[in-house]
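Here come two complexes built around chain A, the first alongside chain B, the second alongside chain C.
Up next, the complex of A and B:
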């Protein structure tokens, strides 16, 4: 009888083939997009599949030199980082309280937060627009940041709570015996322990918010406040069939995502498994 | 294991700190506050929020220059001009309307979409303003105004019209000694001859559904006139989408499909790919809106002298007039009823629809929505043929999908696509349309 932990050579081959197929599916569009951005227009019309003739960065440079595009980048960074900071500032303490502490109304708070997960985004657009208009935050980046945070907090709390819950109670208990207050336990013991989980949530939010379109479209109006997805949409429309420029612009738009993902990859893998095996 | 009285306030403090930090760093400047107020309190500040979809050259500049002329003449009024892309504009406007904070002046295509806002009481009636300025009123093209008028009230000012014409490659037709078709049978003959010479008869990509719908609308109009559609759409006098003219139009379409009048794989092709076939002279004809010429100027300037345009052929024994044109409003501007400065907004509309703006519109290859003699005098040479067809028309049939309420419009495009794909019969398609129309009428 085969031991459950051992994998046959055939099984391993199948797994690798499947993984390779998945790898191709995931990477191919990005490579194609980057390659296309490096082509000249003639090269592109000759063959859409052939690799570019050289490492040509003219299209990228042209896009980066457009002041509008730089503006979109900056706006997008402000919104994304702001929303992540606000989300983590709220959800880390909340997840700690729900995961490690016991208090009256714990269940109710949990349910209210999880209820936020099932709210469809589109039914909230009109009420949110009225709300933001009423408090003077329509067409401001800070208004958009708050909306993003409001929609990111539930999922962040759920992920982080699972993580805090897995930390053995002996750790905070020991700290308390040593005279730590609750807030000190959170700041000095739990948050450092939770770093992989915070990273995971942060990157997850980064991907979502960096690419977000509908909220930005609804709550921002001034051209100078546009975020990158809005800018890319406009760019694609105004450049029509200029696929090369569009691909270059989209590559530039996706680049921060890829960089963040590569840099944080180690932490993410740890974060996703940490909840399951730490102890 | 832990008493909650301590931890709960701590959490609260953390939350409040986070919010204050962010709001403080970004939100508490004076400017955003006043911006935010503008969607609700425009009155005090004489501000006009103006959303339009001319978001790129060359038409972006036309709107921008109209706005700057307006600013020069109305120094007390601030115009917040917001150019948006097509689909985002529709979505943003819908939400803003829903939230009761629409822009003061905004783009519209007239037709069914505008009507739904009119019915909801969201649009300012422009009739009094037009009557107060007869010179302005009389300079506008009445048929275009019709698309923006409901129950005798003008609800938007059109600035340019589009129309569908049968564009053909003059060089190919000359080489093969063909005459542009005047009847449907001649059209079929043309297709036959083009095909025999290895030329695709019609460049058409129907994955977006609307290019095929032009054929359907034209054939149905040539067979039965504009009456059956008008009556079917308004459910008056036994009007029906199962009218024989719609079924016959479907049969003629399938005849064209079976005769290979369209490129292989046209059901999966889009407009971009289709027009490339025409611009690279692999296809002899294309049934398309006047905007084709703007694309030609941009993508295939060398084609400028080769593109000819004729009216859509007549159908033997058809009841429709030979000069009826399928068309619509490409851009028009409406004022929301919540606008606090209607006088300023109307002045902006006059600037946008005035002769100076129209001349610049015309220079970009568009057909300004002005009376024939004024419009034709300023039209650019490449648009002259289609503009003449428009102004010679006895009637303009609005694009079916713009004239119908959204659900029916979608059904119309879907069933027409199925007719083209030969996955349904014209009879079945007509029944499906009629059933949905009946169902929607019953719900009212």
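Up next, the complex of A and C:
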């Protein structure tokens, strides 16, 4: 990444100032949220700007001791992991078939699935509401998992198919000569090779489904079923004027993904951009 | 062997196709079908009204107002987000200290759930102890203080700023990847010709980024047409006159919240058509522009 460096000192200073200004703009609200969560109510009333008097975690502890709030994390984890597992389980074989096998109707299947990339999800909300009600999956985590998985199929298939397509045909062919069935080729040869692509898809789905709002808002109603984003909304509504508690809850809500982001920044960024650009 | 491969391939595709058909394709088609009825969702009685919902939609001022706000959001993404993202990416590619930290911070808003983004910006815009009003008061601009989300004139720009805040870092990353792909020799040649850093940005970086700009613009165009989250979440009952209503949020309020399923589906179909049409127009413009130039 050796970019030419004939930049004047003034230019370099301007570049740093501009970047720093935008950096502060991007990060400050999140820092403010975390700091506000650590303040006492009196501190907050005295000044909304001043940093907290110390590393006070009382508000966080109070929120985490609510079983209702902990439930949001559990629900969110169930929905996110369940949807990723289901998506990959159905998308990987489909992507393999579309990328490496030849069959009648291949083009049609491919067009139908790729069309899903540009479809606004909101178009389907009303019929989905009726459908989920009809099959008894309204207000259930499994219903939400299936909806998420179904809408994740296009991105996953497109990314995985491109990856399978790049694998030299000599590899599966050799396995076939050795007597492997197509299913064995998929399970024992192609899937292990596709680990990086599966990981990229997984990361993309994880961030999106973990943070997702509209489907959860539409298809869940019971308080004990709510996912983290819905729970946070509920918490903020019921604590209307208590900014300190709301900020503590928001910080706790953002924390899991932020921690993962700081540990594996490269993977998260790559996963998010790969997913969005293919879609 | 052929027939065998055919059968196995279909076996592999079937589960994905079934799930996708049941929860995506069938509901999509049902949206078209339901839009032909006057129906509240609960009652058995679906009154077939043909194109009447669409006729009503064409005369619906709220719908046109919402569409206009989508276009405002689209313009803001293209005019605010993309240029800032390009400049940030170009600056980050230069000799900058702490480039990794800066990049990580600039992208971080993308990792937040939209619910948290909405709540944060509600605090920022709060009429009493909001951060923005506090800042304005602090620098002697008391006269500019206002209830940003509660006034019809400022609500939409205020929400749009929050939208830009969340997504600019994402486009920046796309552009940063694009800049890495510009051959270093092009920069070296420009430098040998005595081009300043600014001239190199204009004559090497921008043209080199053209393909990425296209992708970014397409994502912005399609994304703005179907946008929902912050415009739905942020007014939280505050903004008057549907000041931040978009087509998707209008569909939600009519169809889901007010249980006018038939009319809601008609708005949904219009949303689908608008998204596909703007995406299509964008691609068509790209193709037309690039053909003579042979890019």
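Heads up, the rule we're going with is that the second predicted complex is superposed on the first by the 212 of 279 C-alpha atoms of A that agree within 3 Å, B and C clash if a C-alpha of one lies under 4 Å from a C-alpha of the other, contacts with A are read in each partner's own complex, and residues count from 1 in each chain.
Everything that follows uses one rule, which is that contacts are C-beta pairs under 8 Å (C-beta built on N, C-alpha and C of every residue); 3 or more make two chains touch, one makes a residue touch a chain.
Please read all numbers here as calculations on a predicted model, not as lab measurements.
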### Query
Of the two partner chains, chain B (first) and chain C (second), which one does A:221 touch, if any: first, second, both, or neither?
first
### Message
By the touch definition at the top of the document, which applies to A:30: first (chain B), second (chain C), both, or neither?
### Response
second
### Task
Name the contact category of A:238: first (chain B only), second (chain C only), both, or neither.
first
### Query
Now for A:210: first (chain B), second (chain C), both, or neither, which partner does it touch?
second
### Query
First (chain B), second (chain C), both or neither: which does A:18 touch?
second
### Message
Going by the contact rule set out at the top, does A:250 touch chain B (first), chain C (second), both, or neither?
### Response
second
### chain A residues touched by each partner, larger count belonging to chain B or chain C
C
### Query
Between chain B (first) and chain C (second), which does A:81 come into contact with in this model arrangement: first, second, both, or neither?
neither
### Query
Does the superposition put A:102 against chain B (first), chain C (second), both, or neither?
both
### Task
State whether A:180 touches chain B only (first), chain C only (second), both chains, or neither.
neither
### Common interface residues of chain A - those touching chain B in one complex and chain C in the other
86, 89-90, 93-94, 97, 101-104, 125-127, 129-130, 146, 182-183, 186, 214, 218, 230, 233
### Summary
Given the complex, residues on chain A that touch chain C span 1-8, 11-12, 15-16, 18-20, 22-23, 25-27, 29-30, 32-33, 48-49, 86, 89-91, 93-94, 96-98, 101-106, 109, 112-113, 116, 118-131, 146-147, 149-151, 153-154, 157, 182-183, 186, 207, 210-214, 218, 228-230, 232-233, 236, 243, 246-247, 250, 253-254, 257-258, 261-262, 265, 268-269, 272-273, 276-277
### Message
Applying the document's contact rule, which stretches of chain A touch chain B when the two form their complex?
### Response
78, 82, 85-86, 89-90, 93-94, 97, 100-104, 125-127, 129-130, 132-143, 145-146, 169, 173, 176, 181-183, 186, 214, 217-218, 221-223, 230, 233-234, 237-238, 240-241
### Query
Okay, in this complex, where on chain C does chain A touch?
5-6, 8-13, 15-17, 19-20, 22-28, 30-31, 34, 41, 84, 87-88, 91-97, 101-102, 104-116, 119-121, 123-124, 129, 131, 134, 165, 169-170, 173-174, 177, 180, 184, 187-188, 190-191, 196-198, 200, 215, 219, 222, 225-226, 228-229, 233, 248, 251-252, 255-256, 261, 264-265, 268-269, 271-272, 275-276, 279
### Task
Spell out the part of chain B that touches chain A in their complex, as residue ranges.
1-2, 4, 6-8, 10-11, 14-15, 17-19, 21-23, 25-27, 32-37, 39-40, 49, 51, 55-57, 80, 82-86, 88, 91-92, 95-96, 98-101, 272, 295, 298-299
